[in-house]
Amino acid sequence: MSVIECKDLTKSYLRKKVLNQISFTIEENKITGVIGRNGVGKTTLLKIMAGFIRETSGEIKVLAQRPFNNLYTSVNTIFVDDQMSFPPALQLQELLEAAQTFYPNWDMEFAQRLFKYFNFDPKHYHNTLSKGRTSTFNAIVGIASRCPITIFDEPTTGMDEAVRKDFYRALLKDYIAHPRTILISSHHLEEMEDLLEDVLLLKNGEVHLHIPISDLKEWAIGLQGPASVVLPWTEGKEVVYQNQIGLDTTYVVIKNDLSEAELAQISLNGVKVIPVRASELCVYLTNETKGGIDDVFINR
Amino acid sequence: MSLSTANLKETVKKQYFFKLKANIDAISSLIGIQLIAVLFSLGGIGGSLSSSEGLRIDINYYSADVVLVFTMIWALVTAITITTKPYRNHDFTFVTNRLSSSLSNILFLLTGSLLGAVTANLSRYLLQVIGYFVFDQQVYAGPFDFPIFILGIIMSALYIFCISSIGYLIGALVQVNKLFAILVPVLIIGSIFLDASIQKELSLMQVFQFYVMESNFVFFLIKILVTTALVFLASINILNRMEVRR
Amino acid sequence: MNGNFESHQKVYSQYQLAEMFTINPATAAKGLNILADESILYKRRGLGMFVAEDAKEHILNKRKSGNLRQLVQELVLESERLQITEQELMDMIKAALHEEGRK
């Protein structure tokens, strides 16, 4: 069953199109990573799903309803980011209690355990928390609310390494016990790639790829060797990235549609065949040019 | 994961109780402002002096009107405040839509108006007590009549609530476009100057009299309630199209 | 391989694996399915996945035909780059085989 459906969804601010006719569906109880560069429309897309902002044109259905200004979507969705705002007059403990009254699936015992684990003081106030602590508290609210659609927009902003790991593990364990649809956006694919089932890669306000993460890991392959040997192999292939290393060595990333035999042949020719990590590939795919930052420095 | 349903009434109720707690500062500022108003009133709003044959009579009138005016200003400011971004965002952290958010705000303002009306009316007695004990004066108060006292509370609550609806509308307009923050004061002050320059009775005054001068209580009730409802309705419609947390 | 699992023994479920390694359960299921496709595991409806009778041989065969061959190819390639003669390479392999402490 699909829980989120977008068709030709467009959002523009003034004249600028942030999302340009995107279409995709998200299946129930999958963890999807929303990946893309800064300002590519990730947050906008997630906020439209949460019903915060309105689509300019096209159609979006969350749980078969239009999310904007919709109470049904609101009670079944939670949107977590570091901008989440809470009344300054309430203590952290009171905020958890408030969340409990609003979210029907809220697990208070679980929330309290997380709260204690991360050493929060129930008497503190939300606006006195540091950046990382704010993110951690918001994440607790996000996980414990157990909303059928849980959206995390850059949830680990400011968290230290240990807390990030704890957060992803807590999310996964609770997801296994209580499956739900989860969307996470992050710049750091590598830290969450094991957690994901699908990846939604946005580029220039459009969906560039929407595939299972396991396919993404095998989607491309890196060839490194003398240019004269490597380049013939890349002919007719989709070249994602190309870079010159030293005088004669070239590193090319191409879409992996080579057969095993071909790959064996390539390595016999003295070309190093290197698997391309998902996070690395995403950087290449979302680059505007094939050479990345190096292109800025050529032909000056 | 099981899906939940939410109905408007329940959501508004939850939000209302949440707001009572969250906006506790607004309530305490109400009390603070009223206390200041009481201090102002202690000067008396008018006095007269008469002396004959070495006997001097000094009369001071005390009135709680200043407290009521201050409470109205509080209602206006509070109503504007709760339309601002941070307050709207608090709602959208949890379960809400724009309608439930506005409805719970209105309930909150109604609660504030009632509370303010009660305390403003009671402050009259506080004034008398202070006059008696602190200034050691002989206090002659109007007779205490319970129905009148209640009527006074209801009427002042309606005034305060009506003012808060105007504040809410101004707040909503400002949220749509920041220009209204300049436009609204300009319009009000402009109309005063315009009327003054052509030696006409102030239009604002006429509007004011439309309500205050109504001697029939039922008509007054209808006038003020319909006005309040219409103004709130307009604000709800404006806020209903607003995007949040952009 | 190391005898962690005996033949016909039940292996971890996708959820157990997911928890153990902090990976998505769907990914864990895919991994188990790959092993099942290669006849290293077999499924029993409703009961889970079990280690196949000849799992060890399957793995051995796969490593021989795949990994080892590739290693040898790389070895040859590297020795070409270093301009080592065939004889030298053979001697090195023999020396490694008969190194003290083995067998």
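In order of appearance the chains are A, B and C, and numbering begins at 1 in each one.
Operating definition for what follows: a contact is a pair of C-beta atoms (placed from the backbone, for glycine too) under 8 Å apart; a residue touches a chain by one contact, two chains touch by 3 or more.
Just so you know, these numbers come straight off a predicted model, no measurement behind them.
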Chain pair, A-B or A-C, that carries the greater number of C-beta contacts: A-B
Chain nearest the global centroid, as defined over all protein CA atoms shown: A
Approximate Å spacing (C-alpha centroids) for the pair subunit B, subunit C: 78
Whole-Å gap between the CA centroids of subunit A and subunit B: 48
Rounded Å distance, subunit A centre to subunit C centre (Cα mean): 33
Contacting residues of subunit A [partner subunit B, same complex]: 29, 47, 51-54, 63, 69-72, 74-76, 83-87, 89-90, 94, 98-99, 101-105, 146-148, 178-181
Residues on subunit B engaged by subunit A in the complex (per definition of touch): 1-8, 11, 14, 17-18, 21-25, 86, 89-90, 92-100, 240-241, 243-246
Subunit A partner contacts - residues on subunit C that touch it in the complex: 15, 18-19, 21-27, 30, 70, 73-74, 77, 81
Subunit A residues touching subunit C - in the complex, by the definition given at the top: 30-31, 165, 168-169, 172-173, 176, 194-197, 212-214, 264, 267-268, 270
